[in-house]
Every structure is written in structure tokens, then in C-alpha cells.
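Take a look at the structure set out below.
For clarity, chains are labelled A, B and C in written order, and residue numbers in each chain start from 1.
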Amino acid sequence: MNNSIAVVVAASAVLYGTPLLYAGLGELLAERAGVLNLGVQGMMLVGAAMGFWTVQRFHVGSPGALLAAVGVAALAGAAMALVHAFLVITLRASQIVSGLALTIFAGAAGLSSYLGNDLNLASNPARHQFGAIFPASAQHWPIVGPVLFGQNLLVYASWLCVLAVGLYLSRTRPGLNVRAVGESPAAADAMGINVTGYRYAHVLAGGAFAGVGGACFSLAITPQWVPGDEMIAGGAGWIAIALVIFAFWRPDLVLVGAYLFGAFAALPFTLQARGVTIAPELFQSLPYVMTVLVLVLVSSGVAKRRLGAPAALGLPYVREER
Amino acid sequence: MIRIERRLRQPRLLMVAVPVVSVAFAFGLIALVLLATGHDPGHTYGKLFRSAFGDAGALTSTFASATPLAFTGLAAAAAFRMNLFNIGAEGQLYFGVVGGVAAALLLSGAPGPVAIAGMCVGGAAFGALWALIPGVLRAFGRTNEIITSLMLNYVAGLLINYLIFDSHSYWRDTTSPSAAVFPQGKAVPDAALWPVATLTHAAGGVLLPLGLMVAAGVAVLLWGLYRHTRFGFELNVIADSPRAARYAGMRTRRKILAVMGLSGAIAGLGGAAQAGNFDHLLDPRGLQQQFYGYTGIVVAALARYNPFAVVVVAILLGGLKNAGFALQGADFPSGLVGVMQGIFLFCVLGGEILIRYRIRLGRQSHARGAPEPAA
Amino acid sequence: MRGITKRFPGVVANDQVDFEAAEGEVHALLGENGAGKSTLSNILTGLYRADEGEVALYGRPVHFRSPRDALDAGIGMVHQHFRLVVPFTVAENVVLGDHRGEGRAFRLRPRAIERRVEELGERYGLRVDPRARIWQLSVGEQQRVEILKTLYRQARILILDEPTAVLTPQESEALFGTLRAMAAEGRTIVFISHKLNEVRAVADRVTVLRGGRSVVALAAAAATPQSLAALMVGREVAAPARIPAGSGPGKAALVLDGLCADGDRGSPAVREISLTVRAGEIVAVAGVAGNGQRELAETVTGMRFPTAGTIRVDGQPLSFGDPRAAIAAGIAHVPEDRLGTGLAPSLSIASNIVLKSYRSDTASRGPFLRHRSIARLTSDLIERYSVAAPGPSTPARQLSGGNLQKVVLAREFSGKPRVLVAASPTRGLDVGAIETVHAYLRDAAAKGLAILLISEDLDEILALADRIAVLYEGRIAGEVDCPGADVEELGLLMAGGVAA
């Protein structure tokens, strides 16, 4: 039963959806504060490289090394986000162009590949990696075994993150303030909220989440580093951005969407492994085509009234201007 | 304290001076990156310049690298100017190669000029069609064109893989002996090879491909379109204020379709030029390793969407790319080209604030205010 | 506040302004648009920093670095354009940014805040449902939320910027009552206005600003409308005399029949409006902001799709939702939002002059533009309408409000229209510019143009209109002939009441 295609796809949907979930949550935080960051792809790649470097470099026990790796990946992602934040918040550059610049700067032909080569990351298997944490017996339980108990720690941590971000936005005072900053920075400013500070903080947090999302690939899914990692360079960062639109800027729906897109990403491998003989390119294009289709459905339906989109998304806030 | 004020007028001098200073600043930053990672910036820069523009051979390769970048840069500039963020020049260029090669194969036996014209039409048409998908979705479904055009790049890449590796398509060579060993594209007939002009005054002969000249022609047309036509006028209004455009009775949807189609056609024309001048066949792996489309965005943004500047910047970045390719190794770590492009972009983007705003280092008023005399 | 100076690029908004208000008084800050009232209050609330001068509260000098400092010092402000987060509830807006009291807790406790908002509302007669979302509220209710915000933050000094602009005369009276009650508790109320009657009705003292300078401070009781007007404008102003429209109404030019349209959120905003405007007649649509005026203007000019009804121009039915068809039918439009809808801000004056006529023979030949001919036309119009601008290639955004409106009018009149829809044509303009715009409108009507004037300013309507239709919740609550219209009656209609 656990070999049935539905269970296998569901289990890998969770696995492949997790990096999307982290990156999507991060993008959601930045966008809720009114800043669009199209550089997710680049932040993920740098996070993946730096996370992998950490496990290779630090000779401590596995849990310590992995924890440090996640921390370093988050810092690396946040550092990338800082460049974007400075350009668009302080220097008021176009958010779209700056995000694209970040993708090119940090992306597959940029910093991540520079770092990977300079730090000699290529062609070595990971010294440590995230594996399943529940006993094998639990993993053999029908359906829930592989899907829920066969996952690594990063998957379970991501659930906590969804809960935390959800509660943060809806139930806390800083959360209320962020939402106000994204909806109406002028109103927030008049009420004494530090618009610039909130925007910086959430863009950086978004970068940290994207960095961890990238590390999911190099520490758990395919524990190695290859220049311009196929999985991430295959558009994970962009799908994460589409995910936020799909989720109407709600953390709980980001979870749903991440696993949906994770399933699209996992399907080609699964079907190929089952010996389905149609041209692999057709399967491989599935995630991209589905992303476009989902986006079209979402945009043309309810979202016509920009349901959920922060009203000030993409706009710089300048107080003293006439 | 630092104060940022909007400038009432934007002096022409600044429009030129600021990007130049920004690029100089970028070179400084990149030198820091090189130093930090144990390279000698002076040495690297020297080699870089020599391999890009140092001799006739270097210039010939630079022009070759610049040709597709000029097209994708113009494609991005044409759309970005109207705030349509077509990130899909990459895929549209692939489609241009497909359309251009198909036209050349169909017209085998035709005289050169006919074959070349056919390739241009085929490439532009295929590129435009591929770009119209995100265009239609944006115009009629209000779907974000950034993400759709980007996703379609991946689909286009897989599609050309399919045409050569996994099918016996019209584009695949099934007859030659080498094709039996490894799948490859069918070469276009000799009549369809694009000519190359030799600039004789340079020692050794600098070769200027027809594609780059076509790109320069497209730049002139694009400038004329934006500056001198009713269509361009409408685009300028829509770009500045969509509400004003609607108020004036302009048909925004049609303009979105037209501009996306135009942008795709230019990228597709670049594909045809790439096939006609350099590749001569559909080479999926080769195309996808170059990131022509993405680099085109850098070109357009650095040129501030001015078509003439696009051609110039394309030659500069073409030189960088060509040098990066020639120097790969200890002198020039891979990935540095992307890092440099990114830093150039960041600096030019950041520098724009100096054009739009005046930055003043002012004293805080109350710091020098004399204490109020007691009443 | 002493010697306050604030410069913006190209203008000195405040030039050595002195301002002083006492505890327990309602102090009016009077001045026409552009005199520097808003700038001064933005300095007081920490939004702007003064270039020179100093602010003292209760005798102590203070330096506000941000609005938070000003809020903590007990200064609250109700902005002219409300600073509310539209998708939030009333309670969420009230507690926003509070870092003392209830708001100090990391966790939000909506119940407690809602109770507090209800209490405050009871006490000051500012009742709103704390759980309602802002977009569900009328403009008057939104203003109450703004005042509640300041009360919740325990403001001792309350600044209101043009608060009556969005209220009916009766609502304004109620607001004055609230303000007096708050002053009686020892609070200081700074009341910003350019309307003389209001200032005399509510204020204890008045400070007059003119051209960025403080002219004088005096007791309200000692002032007459004439003396205040003279101080405000700097010269004697004749009371706006009604000049009868010239030719008298001709045949029906614009006929609306059963017109309905939805608002931005999909709910009906214009409901079964039937209205006729004859050639040579100015029909005004009055009403409190947000009762469907904007939607009505947009529907008639083709910028919004009607859901039912017909629009006829000179008897010909107009195709729906097509601005180009409306322009072709001879409907000119002076939109509420001058810079952004009426004009493309970064484009030149010349481009904006041919914004609607770029397809004409003057502006283009075939697909190509005739730049020289366009420049000539623009120079002509700049001269004829005396637009103060360096030249045809100056970007629109560099012009002042009055000159922007002249460019819009020049373009709209040069299109030889049959009907003009003018939405708030003088909002934010100074007295001189208002007089000019009014003269153009009267003149055009005298030459046989049918004008639909949509305005929230009753004074303007009374000065211009031949007939007044009052809009309430998207319906016409009543029609009144204008010379002889009664302000009380209009006020009742604006509030949805039935005319006696």
C-alpha cells in the first residue's frame, strides 16, 4: 500500500514542498510589509551553498553541525536580502528591477557558483545530512508512515514556522503593525510605527527563510552541492513567489500550495521511476505549466479585487515629499 | 543628518555622469570582492580588458557575444519601458532559433537574401507567439507576467531538448554519421549562413556579424517608434499613468499585446541571428548554458531602457562575458561574471537616487539654535 | 511654536511662523490652500522636521524626531486625508502603534480594545461599531474613528485638518459640539480651516496664515468674515456674487435615465439616477464625499461600466464603458484627480495637451506625430489660458495646482465639447485660481455648454449652479433650483433626510 503511486507522490510532495514552504513564508513576510523581493532564487542558492559549506567545514557532531548549517544558511539569505532592502527601502530603487538584479547577482551564474568554486564544495558528498527522525517501524504504518513519519526535521520545523508566522501576523501587536505597514504606510507612520524598521526587519527575515529553504536541498533532499543546483535553478525561487499569490498572502494556504507545487515537482521523478515511457521533457515541464495555470485561475477569479494583496506592495514610502 | 529631497529638474549632465560614476564605484566594490577572496584585482582587470577588447581576435569574439545580448536587451527594454516585465526573452530566443532554423531548412535552395529574410520572419514570428502567451494572460486574465514569462522559459528549454534529444523532429539530424553517436540539430543550408563584415582598418581584421548590425537597426526603429509615432505616444502615456491613458480613451489591452509581441519578436529575431551567424543549427544545450535572456535584462537596466545605450552596453557586457569565458580558471573564478553584472546593476540602480533626488548633509536645526531668552 | 521655517524643493512652505494655543481653547488656524497650514501641523505632529524654529509644549521645548514622539507627548492629529488602514477593523486602527497601556502586550486582545473604544465613543458621542471594518463605514464615521484614535492615545492637544470638508452642515454642528466638550475638559483643539463661518462658529481664537507666514492671531469674537477674508487673502475680497448664466438653458444635452453602477468593491454605488442637463446650464451634484459622486462622474465619462440605464448626449445613446466613445460624443471631463488621471505627471505639457487629440490632423500625420505642430498648439494654449510654465516641454508635475487645472481646462475646452463633467474642479486651489476656474466654467456655460458640476463644496455649488441634485447613498435624494436654495434643506438631503 505504501508503494502505491498516491502515497509515494504524497510523501515526496511534502519533501519537495518544504523548501518552497520556507521560501514562500519568507516572501510572504516581506510582501506583507509591502516589499516585493524577486530575488528568492538567488537567496536560496546562496543559502544552499553556505549551508553545505558549514557541514563540510565544522567538525562537530551531526546535530550541532546541521543546526549551525541552518543558521548560516539563514544568515546568508538575510545578507542577500539586506542588499535588496537597502536598495529599495533606503535608496527607493524599483523593487522589481532590484529583485531581478539580486537573482542575477546571487544566482546560478553568480555569487552562489563563485562561492561554491572558491570554497571547493563541488563533488563531495555531505558529511552530515537531515534524515528521518522517527523509528523505522513508524515509517511503515500505512499511508501516514511515509507521508508524516518518514520526513526529516526540517519538515517538522517548517510546520512550526507556519504556525508561528500565522499567529504572529494575526494575534500579535508587531504582526498588526506589519500588516498596517504593508497596507498603508502613511497611516502606520502617523501612528508612530517605524515603517523603515519594520520593512527592513521583514525583508531580512524573508531572506533568512529563503536561505533555509535553499539549505533544504543541499542538506536533505540532494545532500551535495552542484554549481547552480538543478533543483533550485529549476525555478524553486520563482515558484515560491507564485505560491504567495496563490495563497492570497495567508500562511496556512502557503502550506497547502507548497505541497501542491511539491507534488508537481515530484511527479516527473516518480513516474519516470515507474518506467512510464513518454518523453521525460513533458513531465518535467509539468511544474512550470501547472504554476502558470494555477496563477491564471487565481488571478482571473477572486483576485480581480486584489484579495489579500497588501495595498502598498511594491511602492516605496517617502514621508517628506510634495 | 542626511536629507533626501526630490529634484525639481533632472540636469542632463547628471543623467550621464551618475551611471558612469556608479559603474566606477561598482569596479571598486568588485575589487574588494576579489581581494577578499584572494585575487589581485589589478591583474584580473588587466586580463579582463585585454581578453575583451585587447586585439582584433578579442573584438571579434566580443561582437559575437554581444549580438544575442543586444537583441535580448532590446526585447527587455521595449517591454520594461511600458512597465511590462517580460522576463521571457530567454525562452523567446529559443523559439526564435527554432523558427529561424525551420525557415532556413524550408527555404533550402533559395538564394541567400531570401533565406536570411525568411529566417528573420520565422524567428520573429516564433518569438512573438511565445511572448504572446504571457501577454494574453496579462491583458485578459491580469496574471502577473513576470512569473508566467519566466516559467515559460523553462518550458521552452525543455521543448527544444525534446525536439533534438527525444523525438525525430524536423530539426534533428538523423543522417550524418556523428548524429548517430550523439543527437544533434540539422544544419541550415549554406545559403542561409549570415554574412560577416570585415572591418579592414584594424590589424588582423575585426569581424562584425550581420546580426549585430540588424540589432543596431532595430534599436533605431525602436527609438523612432517610441519618439515619433502615435503608438509610441500611447505607450509613453500608459507607462507614466495607466489611469490617464484610460481617461484619454486609449486601448490598454491591445497595447499590452502589441508590446509583448514586439518584445518577443525582437528576442526571436535574436534567435534567428544566433542560428544564422553562429550556431547554424538548433543546439539546446549550448543555448541554455548562455543565459542570453537573463543577461539581456541586465543590459536593458544598465542602459536605462534607451535603445542606443542597449547596443553599447551589450558590447561591453559581451566583452565581459567573452573575457570570462576565455579566462576561466584561477585568474577568473566562475561565477564572477554574474557577480560583476549584479554589482553593476546594484550600483546603477542605487545611483539613480542621485538623479531623482538631491542628498544633503544638513545640520540639525535645533543643534545650533541659541537658547530661548528667559521671558 | 516659534519661528518655524520649512522649505521644500522650490517652495518655502513655512516662513518664520509663530503659533500659540492655550489649554482648554479651540484655536483656529485659518488660511487658504497652500498657505502652509498642513505643513505647520505636520511639523507639530513630528511627521516633518522644521528647518528652523522651535516647538514648546506647556512651556518646555520639545524635539520630535518622529510621530511617535509627538503622540507620546499627547499630540493627536486628524488628517484631511484619513490615515486609516482600510481592511482593518475600527479597534485595530485605534490600537495601532500604541506601545503603552493595552497595546504594550505582545499579544493582541481585541475584546479589551473593543470595549475601550465603545466606552470612549459613548462618552464623547462618537459612536461606531468597533468590530466594523473601515471600508464598511461612511466618511463621517471614519472621521469619528480618527478622533477616537487620538482620544485612545490620551491626546491633550488635538489637531483637525479641514474636518468639515467631508461632513453635512448638521454633522459639522455635531462635531463642533464634541470639540467644545473636549476643550471644556482642558484639551487644546487646533482647528484648521479655510472657511470663515466655521472658524467664527467654533473657535475661541484665530491665527491667520498667508503665503507661509503667520499674519496675525486674534480673538474669534472680534473678527468679522470680511476682516478675516482680507487677512487670509491679503486684499479685500468681494463676496462671491452670483452672475446669472448668460443664454439661459437650451435643449437637453445630457440625459441620464435610470443609471446604475457598481463601486470598486462590487457593491452598488450609483443607483437609478435620472438627470437632465440642458445646454447652457450648470447642474451641480452635491453630497457628502463617498455617496457615489466619483462613480457617477466615471460612469458618465465612460471610465466605469454602468450596470443598468442609459446615457444620451444630444439625444444619441452613448456606448458604455468606453472613454473614447464618450470623448467622441463630446463629453469633456475634468477629473477629481488632476495629476494622475487628468494629466500624465512625467510627460510634457505638450503631450498632455494632445492627450485626447493625438489622433487628430493637428497632432499627427498617419502614424507619425507632428511634434512642431503640437508645440505650436501648446504654446498658443499656454498663452491663452495664461498658464505659468517655462514652456511646452515642461513636465506636468512641475506645475502648481492652479496651472495644472488650467492645462486640463485648456485641453478639454479645445475639444469643442457639448457636455462637461467637472469633478471637484477647485479642490486644493488658492482663491485666485478658484476665481479663474469659476470664471471659465461660467463663461463656457454662457456659450451653451452643458455642465455637470460634481462638488463637495456647498459654497462653490451655491455660487455656480442653476440647479442642484443632492446625492445620498448613490441616489438622488432631491433636486433644488439654485438661486434660492436653502442650506439647511440641502444639509438634510445630504444626510439622507426628506426635504420639507
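The rule we apply is simple: a residue touches a chain if its C-beta (ideal position, glycine included) is under 8 Å from a C-beta of that chain, and two chains touch if they have at least 3 such contacts.
Since the model is a prediction, treat every value here as computed from it, not as a measurement.
Arrangement of the chains shown, judged by which pairs touch: all-to-all, with no pair of chains left without contact.
Among the pairs A-B and B-C, the greater number of C-beta contacts is found at A-B. We define each chain's centre as the mean of its Cα atoms; on that basis chain B and chain C are separated by 46 Å. Per-chain Cα centroids separate chain A from chain B by 28 Å. Taken residue by residue, chain C touches two or more other chains at 8-9, whereas all remaining positions touch fewer. Within chain A, residues 320, 322 each touch two or more of the remaining chains. Under the contact definition stated at the top, the residues of chain B that touch 2 or more other chains are 5-6. Those residues of chain B that touch chain C in the shared complex are 5-9, 228-234, 236-237, 240-241, 243-251, 358, 364-366, 369, 372. Only residues 4-6, 37, 80, 85, 87, 137, 140-144, 146-148, 150-152, 154-155, 158-159, 161-162, 166-167, 291, 294-295, 297-298, 301, 333-339, 341-343, 345-346, 349-350, 352-353, 356-357 of chain B touch chain A when the two sit together in their complex.
Residues 2, 8-10, 49-54, 56, 61, 63, 301-303, 322-327, 333, 335, 337, 340-347, 351, 354-356, 358-359, 364, 367-369, 371, 398 of chain C are the ones touching chain B in the complex. Interface of chain A with chain C (complex): residues 171-177, 179-180, 183-184, 186-194, 305, 311, 319-320, 322. Those residues of chain A lying in contact with chain B across their complex are 38, 83, 86-87, 91-94, 96-98, 100-118, 227, 234-235, 238, 241-242, 245, 279-282, 284-285, 288-289, 291-292, 295-296, 299-300, 303-304, 318, 320-322.
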